[in-house]
Amino acid sequence: MALRTEELILNVGPQHPSTHGVLRLEVELEGELVVKVKPHIGYLHRCFEKHAEAMTYPQVIPYTDRMDYLASMYNNFGYVIAVEKLMGIEVPERVEYIRVIMGELQRIASHMVALGTYGLDLGAFTPFLYLFRDREKILTMFEMTCGARLLYNYMWVGGLSHDLHPDFVRLAREFIQYFRPNIVELNNLLTYNKIFIERTAHIGILPADTAINYGITGPMLRASGVNWDLRKNDTYSIYNRFDFDIPVGQGHMGTVGDCWDRYYVRVLEMEQSMRILEQALDQLPEGDINSALPKRIKPPVGTVYQRVENPKGELGYFIISDGSLNPFRVKVRGPSFVNLSVINELSRGHLIADLIAILGSIDIVLGEIDR
Amino acid sequence: MKQYFKNTWEGLWTVFVGMKITFKHLFVPSVTIQYPDVKVPLPERVRNRLYVNMDDCIGCDQCARACPVECIEIETVKSMPEEDLGKTSNGKKKALWVTKFNIDIAKCCYCQLCVFPCPTECIYMTDVYEFSEFKREDLLYKFSTLSGEETLQKKENFEKFQAEKEAQKAAEIKAKAEAAAKAKAESESKPNSDETKQSEPPKQENS
Amino acid sequence: MYNFLTELTGNEIIAAFISAMLPVVFIVPFVIFGVLAERKVSAHIQDRLGPMRVGYHGVLQTVADFFKLIQKEDIIAEGADRKFFNLAPYLVFVGSYAVYAALPFTSTYIGSETDIGLFYIIAVSGFAVAGILMGGWASNNKYSLYGALRSAAQIVSYEIPTALVILSMVMLTGTLSLATMSEMQTAYFWNWNIFGGAEWAFTKLLLIPFMFIAFIILYISTLAEVNRLPFDMPEAESELVAGYSTEYSGMKFAMFFLAEYGNMFAVSALVSVIFFGGYQSPFGYLGNSLGLQWLIPYEQLFWFALKGILFVLVQMWLRWTLPRVRVDQLMTICWKYLIPYSFANLIIIGLITLL
Amino acid sequence: MKKAEEIFELIKSGFPGVTVELSADMPTEPIISVDPLKVHEICKFLRDNEDCKFDSLMNLSGVDDANGEKIKEEDDSEIIKGGTLSVYYHLHSMSLNHKITLRASAPRENPEVESVDNVWKAADWHEREAYDMCGIKFLNHYDLRRILMPYDWEDGSYPLRKDYKNPEFYNGMKVPY
C-alpha cells in the first residue's frame, strides 16, 4: 500500500518576522515547495472608509496618513488633489512645488524602507540600518517643516499646513549630496552581492500581461518591463515640468520581472526622485501658500477618481460628494492591496524562502491593504 | 565551465567587497544616541502633547469641532453680566466660563487640526513627548481652572440668572399684556377710538 | 593533563572530572564575551552603539541577560513531546562540548590526548544534529521541524568538504593528532600550514596557494556546520521564525545559545590548529627569551584564544555583511562547488607532497 | 484616445437590447450606467474591442446609494428600504490611454452584479471587498468570501451600508469595546 501523503499547511503569520505587519499567508507546501498561497488580510482593518463618511473633508486627511504609514505625504497628496479637482481649486505655484518636493522625498524614504526590509527578509541586516539611518535625515526635514515625523497631515485642500522651514532647501540639497554615494555603497554591499543575486534573480517572475491584468502598478509593474508611470503617463500636479526617466526592469541579472528587477527599479527610482528634487529645489518660487485655502470645504455634488503615483504604485481616491460637508463615500484603491493579490501567481512552485523574497519584493504596507 | 569559475569568483569577490564596506563602518562614529541621557533637539514646529492656555480660552468649541477623533470635550456656562472674565491676550472679550476642557491624550492623533481654528491661539502643541502613564485614565487631561464646586456654583448662578431673567421676561410680558388689556378696555370705553389699532393677545409663556 | 591530575589526586575519576571540567571554565566566559562581541560588532558595523547600560560600554550586558534567562518561565507547549523536548538542548550542548576534549589549548593541556583527534572531532560535531533534530521534532511545531530537517541536511552535507580538506592536511602532516599537528608548526609564523608547513623545500612555495584554497573551503564549511549566516538555514529568522529553537524559552534556549557560541569557537580553534599553528606563537615565546619556562603555557593559551577569537570575529563580521542563501543553494554550494574544489585541492596537494 | 461619449456609442451599438445610460452632467467625469447582469459581457467587450482595449481595471468600488426610503426605527436609527447599491468600475487602457467609469446599480434587497474577475484578475479582491463592505453579491465569482472583516462576522451585516448598526456583541466581546 502506498503511503498516503498530503500537503503541509503552514500558517505564515499573522505574527511572523517577515510578513511586514499582520498578514497571514496560508501556504500549502509540498516539502519546501509552495503549492498554493492563500492570503488572509484584514487584521489591521480600521474602518477608514466608514470613518471618512462621518468626517468633514479636512478631518479625513489625518486618517489618510495612517493608511500607508511609510508614505503619508503621498497619501495626503492624492487625497487633497482629488478634493481640489472636485471643487475646482487651483493652488499656487509654490504649493505645487512644495508638494512635489515632499512627495519625492517621501518616495525616497519609502523606497529606503522597502529596500532595507527586503535585505532583512533575505538575512542581510546591515543595509537595513544604513538605509534607516539615511531615512532619518528625511524624517528630520519633515519634522522641521510640519512638526511630525511619520503622520504629517501636511497637505491641505488648497494649500499646506506650514510653509517650508527656512533651512529646508539647504538641508534637502545637502541630503542629495550625502545620499548619492550611499546608493553606490548600497549597491556594492547588497545589490551586486552574489548571494543576493542568487536569491532574487529568476525568482517570482511576473510577466507584463499578467501584471496588467492583475492591476499591478508602481515599481512592480515597471520591473515587469512596462514603461508606465502616472507622473508621466497621466500627469498630475506639476510633474510634467520635470525631466526624469522612468526606470524599467531590464532583467540584468535574471529575467525581466523577477525579484531582483523589482528591487533594482526602486534603487534607480530613488536616483530619479533626486533628479526631480534638484530641479524642483532650483525652480522653487516664492509666494503665499495659503492664498487658495477655501473658507469652507464643501464640494459640489459629483464623483471624482484621482490617482497618483504612490511609492508603491497607483493610489486612487474615489470620492462621491453629495454636496455636504462630509464625503458621501471615499474608496481608496491601495497599491499594496492590489499588488498583494498576485502573490499566489508569483510564488507557486517556488521554495518557502522564495515566498519570503517575493513577499518582500512586493513591498506591502498592511496599513494600506486593510485600511 | 567558464560560468562555473565565474560564479565562484563572483561569489568570493562580492563577499570581500561587502566585507570591506562593513569593515569601514566599524570605525565610523555611531549615529545613535543614548536616549534618556542624551536627547535630540526638537525643531520649533514639533507636534507633541497638546496644551491649553486657559487664560486665553474663550470656550468657542472650535477646536473640539475640528478634532477628527473627538478627544476634546468642552462645556461652557455663560457668565453673569456683572462678572468680568477679563480679556484674552489678543484682545477678545471672554464671555463664557469654561467649566470643562478635557483632552483625552490617549485618543489624540497629533494632527494639529485643533490648533489652527483657535481664534485666540490658546491651544497649541508643546515639545513634551515623555508623558506615559500606567493608567489610561491618567491621560485624560483636565485643563479647566474651575474646581468642581465652582463649576456647580457657576451653573447654579447661571440657572438662577436664567430663571430670574425668564421670570422677569414673563413678568414683563405679563405687564405688557395687562397694559394692553387695560388699554383695550380703555379704548373700548372710549367711543371714538382708532379702529385700526389692534391689541395683541396675551402670550402664553411657559418657562 | 589527565595523567598529571591522576598523579596529583591519585584518583582516576576525580582526575577525569577535573580535566573534563576545565573547558567549561573557558567556554562560559567565552560565551559571555562572544555574545557581547556579537552585539558590539554588529552595532558598530551598523553605526550603532549596541548595549551601553550595564557596566562600562555594556560589558556586563550578557551577564544581566544570563540572569534574566535563568529567571524566565520554562514554557513547554502542550503538544510537545516533553521527554525529548527537555533532552534536546543538553544533547546539542554535549555535541559542541565534546569537541573541546580534543582541542589542544596549550602544549600541556589537552582534554584527551588522543591520536585521532581530528577524526574524533569530525565524528562528534555531527552529534549536535541529533539534538537539533530531536528538539525540532519534539517541539511539535512546523517551523521547528523545518529548521531541524534543514539543519540535519546541512550539517551532514558539509561534513564532506570539511573531511576532504582535513584529509588533505592529514596527508601533508601525516598525523591525526591535533597536538602533534600544532607542535609541527612551531617557532615562527612562516612555519604554519597555511604557508606550506615547517619543511623548507621548494614545494612549500607551491603549496601556499592551495593551502589558501583549502583554508577558505574549510572556513566556509565550518561556517555552515555551526549554522552561522550566510548559512543559518535552520534558524533563518525571516523564514522559519527561529527554526528549531522556536518553542524554547529560558534556560533551554540559553543552552542552544551556549552550544552555538561554543561551537563557533570550537570550529575556529580547529581552523587555527590546522592552518595557523594552533597555540603556537607567531614569533617565539616571551618565556623562552626571559628564561621563564612556566610562562610558556600561558602564552600558548593566549595565542590559542586569540586566534580562535579572531576567527569568531570574522564569522560575526561575515554574518553582519551577507544575506542568507536559500536552502537549495546551500546544497549547491556544498555539492557543486566546495566538494569538487576540495577534491581537486586534495589531489593537487597530494601530488605536491609526492614531489 | 476616445471620449466617454464615443465609448458609450460603441457599447450601445454592441449591445442593442441592454439598457445603458450616459450621465455626463457630473462635474469631473461622465459615468455610463449599465445593467448589472450584463456587466461581464460589456466588460469583456470593452477589454477585447480594438477601439477600447481597456486592459486594466483601476478601481472597483461598491457604494450604498442610500436613495431608498428611509424608515426611522424606535431607537432613532434609520433603516433604508428600496433604492440601489452600485458598483463603480474605473477602467483604463494602457495602450490607448483613455479612461471610463461604469456604474452598475442593483436593487438593494437583492444586489446581484455579475463578476468581472475573469476579465480582469484585479477585480477579484475588489469584488470581495465590495461584498464584504456593502453586501453586493457578485455572480460567478469563484471565491466570494469576506476579506477585511473577520470570516465569522454576522451574515447580512455590511459595514459600509448607510444603515449599518454595530452589533452589540462580537464573539462574546462587547462592541464598542
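Chains here go by letter, A, B, C and D, matching the order in which they are written, and residues are numbered from 1 within each.
As a convention for this text, contacts are C-beta pairs under 8 Å (C-beta built on N, C-alpha and C of every residue); 3 or more make two chains touch, one makes a residue touch a chain.
Since this is a predicted model, take the numbers as computed values, not measurements.
The chain pair with the larger count of C-beta pairs in contact, out of A-B and B-C, is A-B. Centrality by C-alpha centroid: the chain sitting nearest the overall protein C-alpha mean is A. One inter-chain figure worth recording: subunit B and subunit C are separated by 65 Å, centre to centre, where each centre is the mean of the chain's CA atoms. Note on chain placement: the centre of subunit A and the centre of subunit B lie 35 Å apart, centres being C-alpha means. Taking each chain's centre as the mean of its C-alpha atoms, subunit A lies 44 Å from subunit C.
Looking at subunit C, residues 45-48, 320-322 sit in touch with two or more other chains. The residues of subunit A that reach two or more other chains are 126, 130, 133, 189-190, 193, 195, listed in rising order.
The set of subunit D residues that touch two or more partner chains is empty.
Applying the touch definition to every pair of chains gives A-B, A-C, A-D, B-C.
Subunit D meets subunit A in the complex at residues 26-29, 31, 55-59, 61-64, 88, 90, 94, 97, 101, 120-122, 124-126, 133, 146-150, 159-160, 162, 164.
Partner subunit A is touched in their complex by these residues of subunit C: 42, 45-48, 142-143, 146, 229-230, 232, 236-241, 320-329. Across the complex, subunit A is touched by residues 7, 10-11, 13-15, 17-18, 21-22, 25, 31, 42-43, 45-47, 66-68, 109-113, 116, 125 of subunit B. Those residues of subunit A whose C-beta lies close enough to touch subunit D in the complex are 41-42, 45, 47, 49-50, 53, 85-86, 88, 210, 212-215, 226, 228, 233-234, 300, 302-305, 307, 314, 316, 318, 320, 329, 331, 333, 337-338, 341-342, 370-371.
By the touch criterion stated above, subunit A contacts subunit B in their complex at residues 55, 58-63, 65, 126, 130, 133, 136, 140, 143-148, 151, 153, 161-162, 165, 185, 188-190, 192-195.
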